[in-house]
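Structures follow.
Heads up, the next two complexes both have chain A, just with different partners, chain B and then chain C.
Up next, the complex of A and B:
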């Protein structure tokens, strides 16, 4: 495997996560529990899909990849590298909110590290995206804290959502040993294991402040497979819906 | 016509942001460089937010306005090296935003800041007895606040580091 192959795997995983999470966020449009939440999830959808597009563009311009729209919408399911966590349906608001909290802190840690990447095209993008995601985590932290203080039922639902989300969230950091070794040796980024440690530190402190118990890592089985092309039953229908308009006429201009 | 760099900047002041029509692309600090080439004028720009849906529209507006003002061929390119932050906005832009009813972004000094959650000055009554209602608003660059003093809900151009 070449350095560029390893880079392409990393960027595709990051972009696919952002694209699918963005699509899931967009499904809250019109359905949020209050109007501000409708707007928040819709705005975060727009951000995430923009972030995915920026990463697909680097794949195209610097690593010889396809046109971003074609790559985003016309691949086969097994060629996506999204983690199972982002593929799952929105469920109820507690699950969506907890997923948003855990996922956006993971992205923050990742982009913080990528600001120092030896791969130059990632540096300015990581700087930019980290600044934008700050508002996503601000939003998530505020709601997690408030709902944990909003009475017994509300607190219990947050803790249950955390228990369900945690093994899935570990799947964001699914190891890819072959590519990982190259990327670490080349100074692209420190690798998934280190990102995961930093993420655990960060979310542990935030959870503790909200009175939530973060499950122990060794007490759960991480949900892996997405980075190898094995997906949940929910991805294919999502891809069909997401790409339906694009596939009607891939050559159309807007 | 002999075009000078200052002519290009002057013409760019006529290109307004489609979402905040009182601010030009110069006010917003979106222009990172202009140059005079043999075949015409070349402009480099950066979007405020990376997922800003108005970028293509703004590029087109820059081309149209400059071609009209300067009577030459104009190319516009997204600058991949530079990134936008809210400190790039001019002092004049802060005043214009306030008059338009949007609280301007606080100057960013360091990394993270939680201050925006409280004390963003209300553009209507200037009170800082306000709180953040939602970090997301009608466009990606705006947040929604509530003023306890005058009772208005107002928008805020988010500071971005």
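Up next, the complex of A and C:
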């Protein structure tokens, strides 16, 4: 495997996660609990799709990849590298908020590291997305804190959502040893294992402040498979819906 | 039987045909917060609207997307609407004669003359 192949794997995983998470979050548009939250959550969903687009652009311009729209919408399901965590349907708002909280803190850690990447195109991108992701985590923290203090049922639902999300969220850091070794050796980023440790530290402290118990990593089975192209039954229907308009006329200019 | 709305937020209100009053449960009735927008550092914060939120922290989080997602913004303030003290509408008569008190306008001072004089003198020195 060449360095560029390894880079393409990393960027595709990151971009697919952002695209699918963005699409899922956008499904709340018009259905959010209150108008202000509806707007905020939709707006952050758009940000996620923007992050995916920027990464697909790097794949195209620096790594000889396809046109971003074509790559995003016309691949076969097995060629996507998104983790199962982002593919799952929204369920209720507790699950969606907890996923947003865990996912965006993982993004914070990842982009923090990529600001020092030896791969030049990632550095300005990581710098550019810093403020957006900061808002996403501020939003998530404020909600988690508020809902954990909003009575017994509310607290119980947040803890249950955390228990359900945690093994899935570990799937964000699914190891890819072959590419991982090259990327670490080349100074692209420190590797999934280190990102996961930093994420656990960060999330543990925030959960503790909200009174939530973060499950122990060794007490759960991480949900892997997405990075190898094995997906949940929910991805294919999502891809069909997401790409429906694009597939009507892939040559159209927008 | 009420026709259910397509909007879940309306359905959650449990509105009834008969016009019975809606009972507000503890925690359902959020505060409104006034939002002030600052366009650049050092500029005044200007009032731009309001948001509903359960606390000030979430009000700030909501305000960012409601009022600061397009135009330039460097900071926001939020303040609970209930914490603002205002005059009653019927006290508007206190301000009624303002327009007549032109002697309070700064236009009476002949400042421009002095400024022009000063400019001229500094230009002459150059």
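As a working rule, the second predicted complex is superposed on the first by the 254 of 254 C-alpha atoms of A that agree within 3 Å, B and C clash if a C-alpha of one lies under 4 Å from a C-alpha of the other, contacts with A are read in each partner's own complex, and residues count from 1 in each chain.
The rule is short, and it goes like this: contacts are C-beta pairs under 8 Å (C-beta built on N, C-alpha and C of every residue); 3 or more make two chains touch, one makes a residue touch a chain.
These figures come from a predicted structure and were not determined experimentally.
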item	value
Chain C versus chain B on the shared chain A, clash or fit after superposition	clash
A:146 touches, of chain B and chain C: first, second, both or neither?	second
Chain A: partner with more touched residues, chain B or chain C	B
Chain B versus chain C as contact partner of A:215, first or second or both or neither	neither
Contacts of A:36 with chain B and chain C, given as first, second, both or neither	both
First (chain B), second (chain C), both or neither touched by A:243	neither
First, second, both or neither for A:138, with chain B first and chain C second	both
Contacts of A:225 with chain B and chain C, given as first, second, both or neither	neither
Selected from 4-12, 58-66 or 94-102: the stretch of chain C that, after superposition, runs into chain B	58-66
Chain A positions touched by chain B in one structure and by chain C in the second	36, 39-40, 43-44, 135, 138-139, 142
Touch list for chain C against partner chain A, complex	7-9, 27, 30, 51-55, 57-58, 61-62, 64-66, 69
In the complex, chain A residues that touch chain C	30-31, 33-37, 39-40, 43-44, 135, 138-139, 142-143, 145-146, 150-151
In the complex with chain A, residue positions of chain B that touch it	49-53, 80-85, 112, 114, 117, 133-138, 140, 143-144, 158, 160-161
Residues of chain A touching chain B in the complex	36, 39-40, 42-44, 46-51, 53-54, 121, 124-125, 127-129, 131-132, 134-135, 138-139, 142
